[in-house]
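Please see the structure below; I have some questions.
Here the chain labels run A, B, C and D in written order, and each chain numbers its own residues starting at 1.
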């Protein structure tokens, strides 16, 4: 992660370059205090790591959108074997913003479905920036019904700015496709586990996040609407998105407090996710642990718990 | 029915006009044999009716395509009350070539689905000449699942040249939409009755004709392909469609012999169908009789019979 | 934490009191143009004409209670779950003030009113959203009231009828709000499993999280003429795609053509349609009223 | 009434004998152009290159038995229902002659071969249509054999795999032929209800009543590269609509893009895909072979 994602990064870069100048000067002047410089260097690194560990909500939003984050196909490659990707809704099209298929995870055959963004602009256009059209949701629905037929547990990976906001998507019933998934998942007769890996954008993300367990990466977000949208509608000033990011309580810690997600997978600091063995191990371990638990539950009980899990969400005052 | 549908009609018209000339002459010449003329007139009428009663298969094909034949909406109006038409497949569009909804027939709430052609060229363009696109079949499928939810028997009215042979229909999976209906109807947990009222054209008609009972108007046809198509493919001469019409055994009597349909509703001779009280009464009576029977059968038995009904169709030789 | 300062009305609410409430959603003080045909109208003219434009028939927004009273048998409506009111669970800036203002202006506790009633003699569970209350947005209370109404319908084998009108999820409640989409959709799943008839009526405007949850999951989906119905709002689509929207885009008539609605019914004939559907649903043995 | 003049082969058929049969569907005597890239080929070159065009990889049609032997474990295929042969139930002109000619040319009794086999050690019910036999058209025998294969799979909880190749219903058997669409679709319904895995492979060409029945009802639908797949044939569409067909229209790649296929797999890798699907279906505990 070498690109400048956050403002604070330039500060540290400034400090680091100033320190390098000092080191150069000390060499030039033949005045050795390399021990002390090493200590300063270490301290700066510590402070920087600490800063990365405490990203603001808005910084987490930016982090969650990073195209260098692994996408569904990367997770399948990391975690599964024997992946066979399945295409198409058998109605209208195949949507590259959603990837799905069957694979083997830790000895279990699973159906895997998730969003797919591109790694660069060209790929992003192919994948529509990870924004599904109705045919993507309908492909997902078809694969879910297939998982049900063969009693295969389902894993979904969530990383989307939201559903495609285009004319064609509206014409073909974007809202209808999403609600069908929400209802369908709530009644699906197999265990379902969701992992929010990046940007959890609005209803377009929720459509694949009705599950028995929801895991979330520590710098992923899940929000009712993008902070920019909220700022532009509520504050009439899109530049105040960072304020909205804080107000919306869209990060993993807040969502765990609210009972919306179950477990946070800690991301490594200043290291690509998949390069960190501790991260990939804890992802695999958590997935397996939760999957074992829900696969060990009778389906009627599982469906009742899945319903009650949703049913109790909401805070209000009631006068009898 | 005053238009010239068949070649033989002009012969009778010739005879009739010659007879009129004779009558005029007899009046002019003051030579009264009006009794004898009346007898000739009666005899011509009898012969003509007889001819209409014995249309050739090709004449029946032409008859079945007559745009003056009543369509689904006419039958609903004739037979039902409280019709509420339902639109759309909730996926892509609403297809005016298929009409569907709920209505009350003889005290029973039923789901009615059928093809709709126009009465003239302008209407025909709206209804795509009764040729359904995938969204028509998917609308039908949706209404069938709704009928199942509410345990409503289903009546289908068949009159179509076939599925739409267009680029868009292929793009949106015409074959997929038809096969979904064939399978769906074979397992639908409510009684289903089909009435072939006009042109039963190929797979596009069959898609709505998987039923517990199939009634057929005496001049309706039901064919694997149009006689023109068969003539052009098998004989490389589309003008020999009349030969093919005979060879294909596509009329009601042949199909009853083959065990493909259950009952023939006799059409009136030289009278619009809905003007004939005996016709409308026998249509209503037959529908009610068969509906009563299948509604009185337990669903698992009904489905087993529906399966076996199809299962036994086919003729072949077998060496053990 | 916000506590409602007045005891919410229970059961029967007097319609005459509601009628006096100024309809602020579509109108300004004095004269205003019809949004469809631009003819200038006064509030009095509009009310006189049953909330339609006298020139083009445009259906102006009406309140939740007017919706309900417009289709139910006289004196049959009993409001339920009226005691639910919104909190400010995220301490979201200005939310408490907005809630207070909406309550004051609409004399409603929230953006949906639910209860039981009879229509043409048939008992139903019914609800109506109110676009004047924070754009009919769905927060915890809207989701909860709709869920309870649906569950009641499922348990008591009643048809469920809802008038939808919403700008989407209520952003001020964050993810608690978004999750109401999943919660209400799951409840509809149970309603279908119980075999109840579900009729949803989409009125102007129905967008966002409401369209993409319970509103589009009904057995019969009815649109009001000219109603804007969709997921993403037209302005956002135009801004995001830079595309000019086709004429009639996202209007009920457009949705019907694209296969999303069962039918479109003018408001004045809504009751007779519901009676017919309920009659037929019951087996066609009831006389129409 | 037609009686077959020779006793049909039962169970095992020697592949070497089949290989010698001239492939008449796509070729003429001597040299012929590749239908995709127009390069001139001899029959020998084609066979040498495993029935692909050596220049562009075009997949030439192959016979039913070659299909089956191409994916099944050695010596595992047992042909079943080989004793079924077509009659001429409508006394349709020229039908008996055409049947006799097809039998002579293909050394097959009908346009489909069915049976049981093993693929990667997994027992399956399998079938393959043969386009050389009256264009792979579906009459009573094709429908019956496919139905029996499907029912066998449902009863014995076997996966069902079928290679499709057909011009549609067999017109010469009239409605008896059309009804095979409904019959096979109903059988697939029972297969799904029994929980069996159903894989359908659409090869060049698959059109008409076969596409619109069992072929498109599988759990997994695989296309062969470049295969023509559709309901109405391209010539009829062009004639009826007067429209110029878009490039690649009704080819497997077009179908994939339009959401109708799960994936496209080259013929040489078909067996490995089937093994993988069967492995995964069995729980992923089998080694790939």
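Simple rule for what comes next: a residue touches a chain if its C-beta (ideal position, glycine included) is under 8 Å from a C-beta of that chain, and two chains touch if they have at least 3 such contacts.
Small disclaimer: the values here were computed from a predicted structure and weren't measured.
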Task: Graph separation of subunit B and subunit D (steps between touching chains) - done: 1
Open item on the list: So using the touch definition from the top, which pair is joined by more C-beta contacts, A-D or A-C?
Closed with: A-C
Task: Maximum centroid distance from subunit C, chain identifier (CA atoms) - done: D
Open item on the list: From the mean C-alpha coordinate of subunit A to that of subunit B, what's the distance rounded to whole Å?
Closed with: 56
Open item on the list: Centroid of subunit A to centroid of subunit D, CA atoms only: how many Å?
Closed with: 44
TODO: Can you check how far apart subunit A and subunit C are, centre to centre, with Cα atoms defining each centre and the answer in Å?
DONE: 33
Task: Centre-of-Cα separation between subunit D and subunit C, whole angstrom - done: 54
Open item on the list: Could you pull out the residues of subunit A that touch at least 2 other chains?
Closed with: 90-92, 172-173, 176
Open item on the list: Multi-chain contacts only, two chains or more: what residues does subunit C have there?
Closed with: 192, 216, 258-260
TODO: Determine which chains touch and list them pairwise.
DONE: A-B, A-C, A-D, B-C, B-D
- [ ] Name, in rising order, each residue of subunit B that touches subunit A in their complex.
- [x] 90-92, 134, 138, 172-173, 176
Open item on the list: Quick check on the complex: what are the subunit B residues that touch subunit C?
Closed with: 81-82, 84-94, 102-104, 107-109, 135, 139, 146, 149-150
Open item on the list: Taking the touch rule as given, give the residues of subunit A at its contact with subunit C in the complex, in rising order.
Closed with: 163, 165-167, 169-176, 178-180, 182-183, 186-187, 202-203, 206-207, 209-210, 222-225, 229-230, 233-234, 243, 247-250, 255, 258, 260, 306-307, 310-311, 313-320
Task: Touching residues (chain side subunit D, partner subunit A) in the complex - done: 192, 195, 197, 216, 219-220, 256-263, 273, 276-277, 279-281, 283-285, 288
Open item on the list: Per the contact definition, I'd like the list of subunit C residues that touch subunit A in the complex.
Closed with: 2-4, 7-8, 83-87, 89-90, 92-94, 139-141, 143-144, 147, 169-183, 185-190, 192-193, 208-209, 211-217, 230-232, 236-237, 240-241, 243, 245-246, 249-250, 258-260
